[in-house]
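What follows is a pair of complexes built around chain A, which joins chain B in one and chain C in the other.
Here is the complex of A and B:
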C-alpha cells in the first residue's frame, strides 16, 4: 500500500559527503524544484539523513524526484533548503569533501568545504509535502534503451496546451509481447510499438510528456528502468533515482481509428535529403505559413512563402507518376516527423490534400501521422 | 455613428516647450529659416498673439515678432511623441484613423452608446494624452467627420465640443465657408462671388444656384457637408490584423459567471466573423474596461490557428481570469479578439 512515508527524522542533520556525489544528487532532484510557485517550500530540496545515507527529494506536486547520496551521517535529521541555491553552491565548490550541518536554533544549514563556508536559511521540513511512497508498488523491469528511444521518438507529438490535459501526456500501454506508446496534439500522432521479450506487465497509463523527458535525463547509461503504476501515480526507478509523476486522468484518443487503412499514394524518399530540404525551405515558412509539397512528374517541389518576408523552393526527385498533388503541412510538424522516423528511406503515404498523411521508415515499428494544412486559394 | 476628431494643440511647438520648458513663456516658431524662404510649421500660442500662423513665411513671422525664438523642426522627436499620444488614445478608444502626426478620428460609437457618454470618453482621452505625454489636445465629437473636425477647432487649446445628432447644420452655419473641409481657395472665391460667405449660406443653396457656383460633383458633396451630412467612415489600415467583438454593458457587471456568458456570446460572434472571412487566428485576446474607463487586455497564443467558438471561449475565459486576478472589480465592457490571422487552416485529427 502506498501511504505517505515518514520523511521527517527527529534530530538535527549533520553529514559529510563528496562534492561530486552531492552535485550528482542535486542535479537529479533539482529538476523537480518548482521555479514558479507561490508556495515557497516547493522551491526547496528535502535533505534527509537516516539509516546511513543522505536522501535528496524535490517536488512541484506533479513531478517528484528522489535520490540518495553516499554520505557519512554524523547525526540523523531532516531539513529543507532552497534547492536552486544549494545546487549553485555545489557547482562552484572545489572537488573535495563537503559537510552539511543543520543548526536548528538558528534555522540555518551550514555548508563547509575547505575554507569556504555558507549559511543557508532553511524551510521547515514539516511543511514539505509528503512524497508518494514507492514501497510496495509492483515494479516491472524494462530495457532502458527501448523505453528511452521510444520516449524520444513519440513524445514530440504531445501537446503543450494545458487546456487539454490528456494530450499533454504519452499513452504508455503494455500488451502481450509489446509496449505501445502514443502521443498526439491532435495535429499529428506518433505511435511506436516495440516488441518485448519475456513477461510483460498489464499496465496502461497516460504519463505527462514532461516527466518522461526528465526520466530520459536522469537515467544513467546501461541501467534497467523499473516502472509501476499505483492509483494516480506512476513510478519510475533508475539506478538510485526515483521519479514519481501524477498520472493523467481521462480517455486517450483511440489512435488506431485515426490511422487510415489505405492510401492513394506511397512515395519513398531519401530521409536525410528530405530532412535537409524541409529545414532549408522552412526558413521562409514564418508566422505559421505552411510548407507546400507538390508532387508531379517524378519530382517533389517543397516551397514556402511568408507575406512581406519572401519565399523559398527546392526540389528533389520522387517516384510519383499520378496526377499532380499539392499538400500543405506545418513546417515544424513535418520536420519532427521526418526526423523521428528511422532508416534511410521514409515512405510518405498520402490520400488527398485534406486527408491525413503518414510517414514511416523502412521496416520500422514507428508511425507518424500528420494532418495537412488546408491551403487557401 | 459617433466620431471624434482629435487635434493636438500647436503640436511641434508644444513638444519643443516640453523639451525646453524655459521656452514656454516666449513666442516660439517651429519652421524654416527666418532669413531664408522657410515657412512656419507651428507657432505656439504666445507667437500666435503676434498674428503668426502655420504656412506663413518665416520672414514675415520674424517681422511681426522680432524677439520670437525660431527652431528647426525635429521630426524624429515629434514622431516619438506622436506614437506615445496615439497609443495612449487607443487605450481608451481602440479604433482610430490617424490623418497626421497630430490629428485623427476616433470611433467613439464603439465605446460610447450616446453623446453624453461620448463626452466622458473624450475627457478620458484628453486625460490619457496629458498623462502619457503632458501634451494637450482639442476634441470635437459629432455624428460625422466633417462636423467633428470643425468642432475640434472650436475651443482651442484643450477644448472639447460635442455636437449632438440633429444639431449639426445649426452648429456649422455661422462658420466662414472656407473652414469647411473640401473648400479650397478657388471654391471659396467662386462661392464668395455668388454671395456665399458662411457654411449656412452654402447649406441653403438651391440645386440650380449650386450648379451655377460649383459645377460637377463637388457642389452637392460640399453642400451635404455644409448640412452636416458626411457618410465617410473611418479609414482603417487596409489589412485586417484582428477580428473582434465587444460589448459595453448597460450596467457594470461583476459576477464572473455572467461575464463568462457574455464572453461566450462574443466568442460566437468572433467565430462567425472568422468563418465569414475564411480565416483562423492563433492569438485570443480578452479586453476588459473598468468603470473608470481604464483598459486591460490579456492574450494567449497557440501553435496553430483556430476558429471554433468553443475554443475561443475557453481561452478568452482563461484570459479574463488573468485580467481579473490582476485587477478585480466590475466591468463596463468586455471584448474578445482573435489575431495572428491566417487563411490556411491546420486540420485536426480529433
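Here is the complex of A and C:
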C-alpha cells in the first residue's frame, strides 16, 4: 500500500457550505461507499476539514474516491458519517446553505439547513482505512474525450464473473503515439487503439472495468485527465476528483494471437439498420437462445427462436455471393458489438460457423471479436 | 400402496460375477477384483471373510487361494447397460441406484406379465440368460423393505415380503440390515444392548435421536416401523452431474487436492459432453477430517461443458476453501456441475489456453472413446493413479 496522505485533523469539525456543492461532492464519492455490510466503517464517508477546504472520501478497499468542496471552515477536524444516509439527506435539504458540526462528546454530526436539523451517529475516523497516496505518483496527462471514448467502447466486453479476476479488468496499455485498451470475457473481445498526441507515458495495467465506469461518471468536465500507476494502485485525476483503484494482478490473455489473420468472408452492412434488425429479432432470443444469422443469395436473414415462446425473423440485403452460411451468436453480444463499432458501416468478417467472427467499422482502430454459438443439428 | 409391487434388483458381487462369467477358470473360485484395494469379491471369497473395501494383501491372508483380477471397468459398464436393458423391458418405472442395482415398480404389469413374484422370477431368468449374471430380487411394499429383502435373499435369490408379515420379517433381523446402519451406528446400538430391528422399534424416537443424532435417529425410527413413503422415481434427466473422490486419512497438501480435482473435473466434463449437457453452476464438495462437510458453488455467466472453464471455476472455489482445508484437513473432494441445460447450442469460448480448448476436449474424448479412459491423461495425474474410478450410469 501507498503511504497515508493527510494526517487526519485532530479537532472537531465545524463547517458551512452550499447544499449544491455538498451534493455534487457526495455524488462523486458515494459510489466508493461499500455496499457490503461486513465492515461497517466502509459504509462511511470521511469528512475532513483542513486548510480551508472540506474534503470528502470513500473507499471499499478496491476503489477510492476523493473530492473537495468549497466550504467555510469554522473548526478543523474530521469525522466519518454513514455515506448513503448523508447523500439521501443532502438531496432533500430545503435551503441552499448547510452547516455540519461534529459534536464529539455525543458522537454525532449535526446537519442544519434552514429549520431542518439532523443528528447522525458517527464512526471513528481512526478506523477509516488509509487512502492511497496521490502525492509522489508520476502523473501523465491524457485527453479526456479520447480516454473516455476508448473506455466506453471497450469496457463492456469485460467479464462480470469474479472467478477469473483478470477478465474483470480492462488492459490499459500506452505505447509510443497511442493508447491501446482491450477487454474480454472470453466470449468476445474488444480492442481499441487510439492515437495520442504529445508525450505518451509508457505504462501498462489491468484496471477494474468498474473503476473505469466510475471514472467516466465523475469526469464530467475538463479537457484532461491525469493518470499514473504506483505499485498496486492506478490513480486517475479529473478537474476536482481523484479516483484510485487497485490494479488487477495477473497476465492478461494474449489476445493478439486469438484474432484470425484472414477471413473467408467480409460483409459490409449498414450499421444502424443491422442494429435495429438485431434488436427486433432479439426479443425472441430468450433464455440464452442464439440469434441465427444466415447469409445466402445477397441476403442476410436474422432469426431467433425460443422454445415455448415463439420466433422472429427479418432480412436485409447483403453482398454475399458464396455458398450459404449460418452462424449463431448470443444476441446481447452481437448487439453490443454492432453498437460499439460506431460509424455508418459495419464490416462483418467470417470464417465458418464455429470460428471467431470480427466486427469492425470503417477504420481498423477498433475491433470486436465474437465467438459463435454452436447451433443444434 | 397396499400391495407389494416394488422390486429391488441387485446383481450379486457384480464385478466379480462379470469376471467369472468371462473367464471359466474363475468360476467356483474365490475372486478378488482390484489392484491394491479389493473393489469386489466373489461370494467364495466373501465366505472367507473378505470385505470391501479391504487391502488386497489382507484379503489374500484371509483367502490365500484367491485369484486377483485387475478391474475392467469397460466390461462392467457394458454389463451394466445390458442389465438395465432388462430392467427397462421388465417394468415401466425403473429407478437406478448404481451401476448394478435398481428399484422397479411393477404395479400395472400384472395383466401383462403376472404377479410381482412371477415378474421377479422372469427378471432373474432374463438377466441370467441375456447377460449371464446372477441377480437377487427383493419384493415388498416399500423401497426400504424391498432392499432389505434382497439383502437377506442374497446370493442368487428371490424373496417377497407380503404386507401382512412385514414387521414379523423385519423385527428379528440384526440392526445392520437397516438402511444407514454402518459399523459406527451398529456399535452404538450394540453398546445399548440393541441387536435386532425389533429392539430398535421398541425405542421411542427421542431416545434414538439422543443416541444417534437427529437425522439418523429419526430415519432409523421410521425404518424400524417400516415407514418409507418414497416411491420409485424413474431417473428424470439429471439436475447435476458430479464425481467425488476419497483422499484417504493421510494428510493432504493443497497440491494433492488440486490434482484430485483436476481428475474429477476431467471426468465430469467428459460425461457432460457425452450426454450433450451443459451447466452453469459448479459445486465443490469437501469433507474434512472431522467428517464435517462444506459445499461451495459458483454460477458462471454462461452454460458450458468445457473442461477448462469448469476447472477454472472449481479451482477458484478450492482457493476460497483453502483456509478451511489448512485448518481441518480434507478426506474427500467432489465436484458437480448443476443448473444443467441442453448442450446442443453452446456458446463457444476463446481458447486463451491453447492447450485446453474445445477442440482439445473433443480430441481427448475421442481418444478415450476408442482406447479407454487411461489412454490419455493429464501430466499432473501421471504418478497418482486414476483413483477408485467407479463406472457410472450413463447420463440422461
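Heads up, the rule we're going with is that the second predicted complex is superposed on the first by the 369 of 377 C-alpha atoms of A that agree within 3 Å, B and C clash if a C-alpha of one lies under 4 Å from a C-alpha of the other, contacts with A are read in each partner's own complex, and residues count from 1 in each chain.
In this text, contacts are C-beta pairs under 8 Å (C-beta built on N, C-alpha and C of every residue); 3 or more make two chains touch, one makes a residue touch a chain.
Quick caveat, the model's predicted, so the values are computed rather than measured.
Aligning the shared chain A places chain B and chain C in steric conflict.
In the superposition on chain A, A:376 makes contact with both chain B and chain C.
By the touch criterion defined above, A:195 reaches neither chain B nor chain C. With both structures placed on the common chain, the touch criterion links A:232 to neither chain B nor chain C. Contact with both chain B and chain C is seen for A:290 once the two complexes are overlaid on the shared chain.
It is stretch 117-125 of chain C, out of 27-35, 63-71 or 117-125, that runs into chain B when the two complexes are superposed.
Under the contact criterion defined above, the residues of chain A that touch both chain B in one complex and chain C in the other are 160-161, 163, 184-187, 189, 253, 258, 288-290, 328, 330, 354, 356, 369, 371-377. Every residue of chain B that touches chain A in the complex is listed here, in rising order: 278, 282, 302-305, 314-315, 318, 340, 342-350. Across the complex, chain A meets chain B through its residues 160-161, 163, 184-189, 253, 258, 287-290, 328, 330, 332, 354, 356, 369, 371-377.
Interface residues of chain C facing chain A in the complex, by the touch rule stated above, are 298, 300-303, 309, 312-313, 316, 341-342, 344-352.
Here chain A touches chain C in the complex through residues 159-161, 163-164, 184-187, 189, 253-254, 258, 288-290, 328, 330, 354, 356, 369, 371-377, going by the rule given at the top.
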